[in-house]
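Encoded as structure tokens, the structure appears first; notes follow it.
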Amino acid sequence: MKRSLLFTLSLITTLMLATTVFAEEARNFFKVGVVIELSGDLATGGNVTKRGYDLWAQEVNAKGGIDIKGKKYQVKLFYADAQSNPSSGASAAERLITQEHVDFILGPYSSGVTMAVAPVVEKYKIPMITGSAESPLIWTNKFVYTFGTVPPVNFSGATPINTLASLNPAPKTAVILGSNDTFSKATAEAFKAAAEHAKIKVLKFNIVPAGQDLTPLLSAVRGLKPDLIAFGGHDEELIKMVKSLRQIDYTPKALLMHYGVTEPAFVNALGKDANQVFGASVWTANAKTSSKILWPNAASYAAASMKAFNTPADYTQAGSSAAGIAFQVALQKIGATPGMSEAQRTSLVKALEQVDIDTFYGKVKFATSGQYYHANVGMTPLTVQIQDGKTVIVGPANIKDAAPQYPMKAWKGR
Amino acid sequence: MKDKIIRWGLPVLFVLIAMPAVIHDTFFLRVVTEAVMWIGLAIAFDVLAGYTGYLNFGHGAFFGLGAYTTALLMMKAGWPFALALPMGGVMAAVAALIAGFPTLRLKGAYFAIATWALSRAVQQLALIMDITGGPDGMRLPPFLNPQFFYYLMLAIVAATFALLWYLLEHSPFGLKLKAIREDEQGAMALGLNPTKLKMQAFILSAVPTGILGGVYAYWITFIDPASTLGDLISDQALVMVVFGGMGTLIGPVIGAILIFAFKTLFWAYLSDFQLLYLIILGAVIALSVVFMPNGLWGTLGGFKKKKRDHENKLETSLEARLQKNEGE
Amino acid sequence: MPEPILKVDSVTKCFGGLTAVNNVSFQVQPGEIVGLLGPNGAGKTTLFNVISGYYAPTSGSITFKGQDISGKQPYTLATHGIGRTFQVVKPFAGLSVLENVVIASFLRYPKRADAERHAWQILESTGLADRANLSAASLTLAGRKRLEIGKALALEPSFLLLDEVVAGLNPTEADRTVELILQLKQQGMTILIVEHIMRVIMNISDRLVVLNFGEKIAEGAAAEVAKNPLVIEAYLGEAAA
Amino acid sequence: MELLPQALMDGILLGGIYITIAIAFSLTYGVMHIIDFAVGEWIMFGAFAGFYLNKWTGLDPFLLLPVVFVIFGLIGCLIQPVIHRVLSGSKGNPLLMGLVFTFGLGLMFQGLAMTVFGFYSNSTPSMFSEGSFFFEKFGFSLTISTVRLAGLIYALAITMALHYLLKKTNFGLGVRALALNKDSAGLMGVNGKRTGALVYGLYVGVTAMTGVLIGCILSVSAGMGPQYTIFAFFVVVLAGMGYLAGVPWAALLLGMVQSIFLIYFDPGHTLLAVFAILYTILLISPKGLFGRGV
């Protein structure tokens, strides 16, 4: 009996030790929690997002910190891996909030993890901005403390279709496919709605299991001879898609995808076959933006990214950096210093709702009602196309850098 | 044996019950809640894998089924959680009954692959159905009371442990299952009905898993096919059970605690080295299979047993006589 | 003549095109030891498996204590009082010797404590008590065969099917096993035994049934059967080949 | 109807890829009774080997196949003794332990790959990747991608080579003896350890070569492994585990199922169909389509 008593006592002691109370320290820097997918299925996007947050913190600190009423406060990022899993994401947020006492949170890449993290930040009243989640799903839930800088796909997906529809001659028929994950499915649905609205006839619309080889399906698509093939999917799926089309030797007049086309890996992997693929984007390195905060324009941000990571920046990364900027601006506005009280955090949310700024990334302005609640609707979504290995803005007409190349050059003639 | 579990189990239970009163760190509570959940999943997995010798790669499907049943009843039918939760267990039992009859006829690798294929099919089904929300998953109303979920999880897992302890280590049922594991044909000659026993084990393994799925859904407030119906649940339960020691109840508990603690510490405090996690976890699994095929607990127990066997050999007949006299 | 305990009535068992047991009939009276004899491949083990419920007969019937048991599952037959051993002994290797027997004892003693007490008695009577807590895998062949009998006995059967429980043992071990079998007979057990060692089977059996190529070629007292020209031919034929 | 020839052709070409994923996998199961959960990871490593060797040497990946085979064959030979140790353990359930061991190995490989190769997807260029053959007759049209055709030819060549190796050489006799009975093969003078190591090396080598091919036809990424593990399982189970002659037919069937489903049914249900078929076949005939599995 003695032994088990000893055992009990040691158990209790261990537990006590495990919970050393963290004193509320006075700090001269902002503690920023970062909940992202550093491992697991979504690690690719998670790491792009991380680069965006890192670059923001690096730049802020290089400038001495965030200027609050004349005093500069550095920012320090505290990461927690969500492992691409909602429950780990929720735990990660809880740790950052209750153990690290972070002032605010930069959020996950995927909507699944965001959905599990949002109730946690809601409970502790910690504002969170996700720099990359773009599923419409998040915003219809109307989380008060959750914001996003990348517009949802149903907001951005229509633009490239409209660009294509404005061509002369415009594509008349389309086949629209989407991979069966939240983001890709929403993308395909957005494409479909826009195409129908633009009077492009949708010959075939399918949601397909993620990661599959779609060659046979594309063989069937070829029989329909659509002018436009639009596909919602993730990086590897997009590469496979182009390769499949090339292998069955079908060149539609236009090939449209969403996020992933602007990713450097897309051009690297496909070489000249990547050319003339259309994509939807909200930002590119040659976007015409101007700003007074951190980076004066898109080009300087792109250069900073090249310098820091030796990787070209895409809009996920840019949106993530912009999330930091949004916090920065709102903090300055309410004059909050590190170690914010609950009241301050509540007013930070109010301040975020009023943010209306021009950044290197474009205009950041969060919707305060409707289906895009707290998503960034200040942006002008772009139509991009890969031209000679570079991402070029080809729409909307008033801000385009180059004319869209249409129809696409046959694979064989390249 | 019975003595021992009360002597050691009660203090642990007492400490676990008292813990939230002492510790107010909600993150810590959340981690312990999840650890308790994994203990439940691991011991339920072991009923079939360790005791009966059937490796169920579809274990996670019961978890997802429970999660979705609870979520659907709450969200679509407006049931209260208290009623929807048990239905998660009921659905798991029904599914086990339906899937068990054909699947349990298969043996060894065939059973493992069949259960895996079936669970993948269930996941695909959840991905394409409308009512489940497809890839978007489902959101439940947030009820973010950490103590509530901690005690609920603890109660369910403690009850599961007690029930399994009674059935597997105390009542004849456990030994009968082991007989099935060792030699199904031979067991039949001794009056054991393998079909019935395997089915009972399958249901016994499924029900707690389904209920835990229901608690998980309400606790995390969000479920989707990737997180509740993916490979994660089965894979991790398998790893915990193998590492801790199959065919025992303490082994999986130890395995679950150690693996989960390792995982949590790694991501919480070593996020920068995140990729090392997979490498280390993989290596731990592979090496533990090579060097401790009986798992941590089995290996420790093995040392003890060897010693005991040795002593036994010296004084066996004496002991036997004593035992027999006791019996008469 | 008393009611036979086992009645095998024109039993045939086919596997695909192969007839392993062909139209075999015989009876076993309570309390006797019947030896089942035949060269390799004669269908003895198949017949055993049919009687103990592992195979359903293709045609014909088996009656046990006046009840038709053809096609019933082995575990049902165990409750009716049929115990059997296996030619290839496979104890539950991961369990202790005691646990092996306890599992069988559960049939009559559903409570664990009772079953354990009963198992100890069985171990005593089969001479395994001193190895009760060892792993069954650690037993020698003789030990395993003994354990096999022990497990069958723990079912408290009224009818025992023994499949080559002596073969492979050294003479001392063999004698001990024979002694055990005779002891069982004295206690009133009915036994059907397959055995290759002539010395053993001739000595202990009250009657012999001889199979060859799945058919019954002879039946009767040991001395009688040994003189039967068909039997001699079957065995010599085998020896010549 | 006019799609049918194309649907069948696509199915056959897809099947070709699956043959090479599964055939060596089936061989190892037959001989060593190991279900290798890391099969997809070997494909992934092979794909990266092809990608980088091509990048550094500029040689066409098809010419690099022998190099990849030798490198990975050696790795396989070196790892096999560990697996052998796991599988011949007297305690626990060896089959299960082998499964868990390779599962751990697979996780480790994934982690390593992500650390070393990063997260991005790549693609290996080849001289075959650009062309295609086009036929048109009687209102039917048919396109055959050169690189997929090359893959099919490779698959058939591997199948023939394995067949020859097993049926006509002494090594093959040893392998078959080992597959039938470990103990008596040893009595007959087959060096079980060496033969086992060679078989595993052969398997890893062939699987890695398949990876090179997949890198050319589809893509290369650190996370690509598990999906090919799925297909390997499917084909091997369908063929009857360890029954080599069934593999090509099962692989073609899988290719056909996918192709037909993608074209004629709701493409969203393809994977559901694949898993449902796998499960149903296991229930009806656990030993595979031909009832010849081990």
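Annotations for the structure displayed:
Note that the chains take the letters A, B, C and D in the order they are written out, and that residue 1 is the start of every chain.
To be clear about the criterion, a contact is a pair of C-beta atoms (placed from the backbone, for glycine too) under 8 Å apart; a residue touches a chain by one contact, two chains touch by 3 or more.
These numbers come from a predicted model, not from an experiment.
The chains that touch chain B as well as chain D are A. Chain centroids computed from C-alpha atoms place B closest to the centre of all protein C-alpha atoms shown. Note: the chain lying farthest from chain B is C, by mean C-alpha position.
Rounded to whole angstrom, the centroid-to-centroid distance between chain A and chain C, based on C-alpha atoms, equals 74 Å.
Averaging Cα coordinates per chain places chain C and chain D 48 Å apart. Chain B and chain C have Cα centroids lying 41 Å from one another.
Taking each chain's centre as the average of its CA atoms, chain A and chain D sit 36 Å apart. The residues of chain A that reach two or more other chains are 39, 41, 180, 207, 209, listed in rising order. Residue numbers of chain D whose C-beta contacts span two or more other chains: 114, 268, 271-272. Residue positions of chain C touching 2 or more other chains: there are none. Contact between chains, using the touch rule, shows up for A-B, A-D, B-C, B-D.
Interface of chain D with chain A (complex): residues 2-3, 6-7, 10-11, 13-14, 114, 119-123, 125, 129-130, 132, 134, 143, 145, 147-148, 217-219, 221, 223-224, 227, 258-260, 262-263, 266-268, 270-272. Residue ranges on chain C touching chain B, taken from their complex, read 52-54, 73-75, 78-79, 83-84, 86, 90-95, 99, 102-104, 106-107, 110-112, 115-117, 120-121, 123-124, 129-135, 151-152, 154-155. Here chain A touches chain D in the complex through residues 39, 41, 43-44, 47, 177, 180, 206-209, 211-217, 219-220, 222-223, 235-236, 239-240, 243, 246-250, 263-265, 268-271, 411-412, going by the rule given at the top.
Residues 49, 53, 55, 102-103, 105-106, 108-110, 112-114, 116-118, 120-121, 124-125, 128, 231, 235, 238-239, 242, 246, 275-287, 289-290, 293-294 of chain B are the ones that touch chain D when the two sit in their complex. Across the interface of their complex, chain A is touched by residues 7-8, 11-12, 14-15, 19, 22-28, 30-31, 34, 124, 127-128, 134-137, 139, 142, 144, 216, 220-224, 226-227, 232, 264, 267-268, 271-272, 274-275, 277-278 of chain B.
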